[in-house]
Amino acid sequence: MKTRRIFPRLKDKRGGFLNFADYRKASNKVAYGFIVVFLLLFSFVAVFPIVFLFASSMKSVSEITGNTYTFWPQQWDFGKIGALWSRFDFGRYYLNTLVYVAGAVVCAVLFNSLLAYAVAVVKPFGYKVINVLVFLGYMVPTILNIFPLLQEIRAFGFLDPDHQSYLTFLPLWLGFGANAYYYMLFRDYFARLPKSLVEAASMDGASQLRVFTRVVLPLSRPIIGIVAIFAMTASYSDFLLPYCVLQSSNLQTVVVGIYNISNINPPLQMPDFLLLILLSVIPQIVIFLIFQRQIMNVGAGKGSKE
Amino acid sequence: MIVPLALFAFFVWVPMGRNFLLSFQNNYFDQEFVGLANFAAIFADKTFLKALGNTFLYILFSILIGYLVPVFLGFLLSEVFHFAGIFRVLLYLPCMISGIAVVFLFSTMYGDSSTDLFNAIAIAMGGESHPWKGSTSLIIPLIVLAMTWRGAGSTALIYLSSFQSVDDSMYEAARMDGASPWQRFIRITAPSLKATLITLFVLQIISVFQVFYEPLVIGPKGGPLDSSMSLLLLSYLYAFEDFEHGRSAAVAMVLVLIIALFTLAYRLLLKVLSGEKIIKRRGKR
Amino acid sequence: MKKLMMPMLSALLLTLASCGGGSSSKIVLKIGFWPEPNDTADVAMYETWAKRFMADNPQYEIQGMPYTYSTETVGQKYAVGALPDVWQTWFTEPGKLMEKNIIRSIDAQVKATGWDKAMDEAMKEELTFHGELYGIPRDGYGLGLLMNKRILGENGFLPEINGKYSIYNEDGSPAYPTSFAEIQAISEELVELDNVRGFLMYSANKNGGWVFSNMAWNYGATLEKKEGDRYKANLNDPAAVQALEWVKEMRVNGLLQEAVSSVYNDWYSHIGERVAFAVVGSDVLQNAKLLGEVSMDDLAFVPMPTGDGTHHYSLYGGTPFVFTKGVSDAKVEGILKFFSYIGRSPEKSENNLLAKKEGYEVAKRKNQPILPTIMPWKDGEFLQEAKKLEAQYINVNLPDYAPFFDAIESNKHPEEPALAQEMYAALDTAIQSVFTSLETANCSALLTTANTTLQNKLDESAR
């Protein structure tokens, strides 16, 4: 049995660009040293700004406006985190974000897969035109046409500022149902499914919708997971459209809330504002640490699918 | 199928078509056709010309700064033998932070007074303070740097899987032939990475066209002296600050044109490359 | 997971949709100048006022819709139809907002109340277009010179009287600087003595141009000239060039703040330790303490310095309330009535004065600095009562702030009449160019470029 070491030896490295054979040479060992040093360096660069954010948000106003710079605050006042949280009712932003993300994920998976199925498997008349049109949407950012889009949404009555319900999220959610990238991911996946399965089901007299829900979807778990996680991170960070649509402060997501708070008058004290930013990133970090394996596998999967 | 098609129509195609028409009209509500007046107006606007030039600067710097870092990171991650999991987590961490939080954070670090982070570091290392985001020549590289900080980890994972998908036996065969690591890299690693490299090159360029809230927040509003203004941000400001919907749409159409040209170039490139492959294969036979 | 999600989601939608309704036959007034929800004390105060108002006027329903004006959010709110019925803007804005059909005239409604006769003439004029009134002034501000007494005193620039640094000499004459040349002289010594910069000069977000226009006037410049019924840009007035030369010299010698792009909101983070002087509006002085945590006792507020030895103009403007286009006459009337319940109308009614008093009480409880204000109404019964009330609550050392407030009546100078924001943007560019190119900057050429930019915009808007 192979035992796993916490600190494995280079001569056990079997695969990769440089393996045990290469590491017999001293010069390659030095090269390995560089690899580790570079990684340490990059990891530091990746983490440092977050530490800086934490340190700065804990400073007092006079430390920020003073003439000398210190990295760490002189005093730690963790009580102000709770005070600021309740002052801005930050929990509400999180609840809104949660609802927003949930709806976005459902719409992203449901509608894009439906269209992809229709195009890739059913292949109706004109499906090539659809492909080209969708590709157009892939190249051109949606927010480029935001003004006409907002007017459309408004014409449907979704933008009435009196709406205090999550119905206001509907146009934003549905927007995720028209995502060219997710559509293409689904389409490529479905195209690779064995044809015989679909044909067999159709022979049994099942309707297309039935084939889709009973046969195709259960086979598509991996791709559903990928799109779901993409949609999750994308909707969490989504800015311009929610910023324009979510006018009531009771409905705003964390990202929109932060941006709006940056504009209030009188402005917030700098450390307090940085603390709010910190509060806005902590959940993502926690979610990531819990689901790191799934998320990173998807991240890596992105490349091999393209 | 009708429903998702309707969604695409509603969110993508109709607004795009409407914007196309709008670029020849005075504004959204009057819908009076004014010919090419909007285009004439934007090309007479110094800010637009500046933004047009900036677009290419953004592309240049995003390739210089943002393109190769993830390749390097991917290689390091594929080769490291100790604590590989921890390194992956640390490098991926910034990708989880929303773009808005990133720009506010970096905007603070790039501050131009001597008590802002970058200057504090420069002074601690015996240097002088610089204006950083207040500098017209540094602002775009700094914005790209912030974007790279956030995006490099996830792109690196894509390269990681490409590096890992290289067949070990090919390396083994090369070793047998006595090829140096450098030769191995050129002959085996680089070719098998080509497809990913090209795809991500294009994605990198597309992502530049999406630059919007980065200059809005860090600039701020495309500053200093419009030196970080992007076409998307300008289009937004025309519509929402100046109430010039027609001009906003005209800027959008210019951006669409640029994107279309890049897409064509990309397709052409793909054709040339795949053509090459066929010729090589024939040659081998 | 997905099977669960759909019914859950639709159930959620249904319940939320049903409680979102709740229509009433009352006329809803959406108030944009409502305090932000995190400001709980102020929200509670506004709620009291709203209750009082609705008890007397049951046909109306007040709805708070906090909105902070900024040039790009107004277009966004407008595009989605989410502007409140009434909101605050800046004094420079109503012209553009009227032209773009975003706000409505309230001429008839205001005239019916007679308030137009009580309004400060200068402010009324700035809110009148084509003979119709488009807004109600909330309060006024004038630009003045804020100085850090502690820094100046510690370095020997202010006399010490009874253990405190004073901005007056023993004989009562002013010991504070009154000209840009004096500020420069003090700054030069200060940077040697204490390593503190002299002056904070804004350069971004149009704030630089805004303050610079005032400085240029005090060098004797006229920035826009009337020709017929049009205005002609005159930014390269030799006096304006002199003012920019002063900025350049200060910058070259390292006497201004370090930053290249400074905005107005930087003042309260700089006036405590980093700079000795900053130009600030009289309406936000309390932020020195609230946001910068600088003691009001360390500061003093004096008239704008002069460049040519005669002019001490103070750019004078304020915050108007404006009404969104499409809001009904009945709503406008209701909102005007509401102004008398929040201390914002010129009526000497019980509720109006009570609201003013309550406002001061809340500020006092929150331990806020209370300073003199510039009220937008002409001398009359209400103003006298309001001033009396204010005097009871002022909690800063008045002699330190009196030089400004005593002189504002004679120093006040309205903003340039045509496209002021565009002018500020053009001037910002000139200032930033000076900051970035330093010795090589040609002030005259930069202002000529700014002038061309403004003139093009003026020509365009005349078309």
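So that you can tell them apart, the chains are marked A, B and C in the order they are listed, and the count of residues begins at 1 in each.
Operating definition for what follows: a residue touches a chain if its C-beta (ideal position, glycine included) is under 8 Å from a C-beta of that chain, and two chains touch if they have at least 3 such contacts.
On a predicted model such as this, the values are computed, not experimentally measured, just so you know.
A.B. asks: Chain contact topology under the given definition, line, ring, star, complete or other?
C.D. replies: Topology of touching chains reads as complete, every chain touching all others.
A.B. asks: Could you let me know which interface, B-C or A-C, is made of more C-beta pairs in contact?
C.D. replies: A-C
A.B. asks: How big is the gap, in whole Å, between where the Cα atoms of chain A centre and where those of chain B centre?
C.D. replies: 17
A.B. asks: Whole-Å distance, chain B centre to chain C centre, using C-alpha means?
C.D. replies: 39
A.B. asks: Touching at least two other chains at once: which residues of chain C meet that condition?
C.D. replies: Expected reply: 73, 76, 79, 274.
A.B. asks: Quick check on chain B: which residues sit in contact with 2+ other chains?
C.D. replies: 114, 236, 239-240
A.B. asks: By residue number and range, which residues of chain A touch two or more other chains?
C.D. replies: Counting only residues that touch two or more other chains, chain A contributes 64, 66-67, 147, 151, 270.
A.B. asks: With touch defined as at the start, can you tell me which chain A residues reach chain C in the complex?
C.D. replies: Of all residues in chain A, those touching chain C are 60-62, 64-67, 87-89, 99, 102-103, 106, 109-110, 147, 150-151, 153-154, 159-161, 163-167, 170, 243-245, 247, 249, 263-267, 269-270.
A.B. asks: Enumerate the contact residues on chain C facing chain B in the complex.
C.D. replies: Within the complex, chain C contacts chain B at residues 71-73, 75-76, 78-79, 100, 102, 204-205, 257-261, 263, 274, 429, 432-433, 435-436, 453.
A.B. asks: Name, in rising order, each residue of chain B that touches chain A in their complex.
C.D. replies: 1, 3-5, 7-8, 10-16, 18-19, 22, 28, 72-73, 75-82, 87-101, 104-106, 108-109, 114-117, 120, 123, 149, 153-154, 157-166, 168, 171, 175, 181, 184-185, 189, 196, 199-200, 206, 209-210, 212-213, 217, 232, 235-236, 239-240, 245, 248-249, 252, 255-256, 259-260, 263
A.B. asks: Residue numbers of chain A touching chain B in their complex, please.
C.D. replies: The contact residues of chain A facing chain B are 7-8, 10, 13-19, 21-22, 28, 31-32, 35-36, 38-39, 42-43, 45-47, 49-50, 52-53, 56, 64, 66-69, 71, 111-112, 114-115, 118, 122, 124, 130, 133-134, 136-137, 139-149, 151-152, 174-175, 177-178, 180, 233, 236-237, 239-240, 254-255, 258-259, 262, 270, 273-274, 277, 280-281, 284-285, 287-289, 292, 295-296, 299-304, 306.
A.B. asks: For chain B, which residues are in contact with chain C within the complex?
C.D. replies: Contact set of chain B toward chain C: 46, 111-114, 129, 131, 133-136, 220-221, 223-225, 236-237, 239-243.
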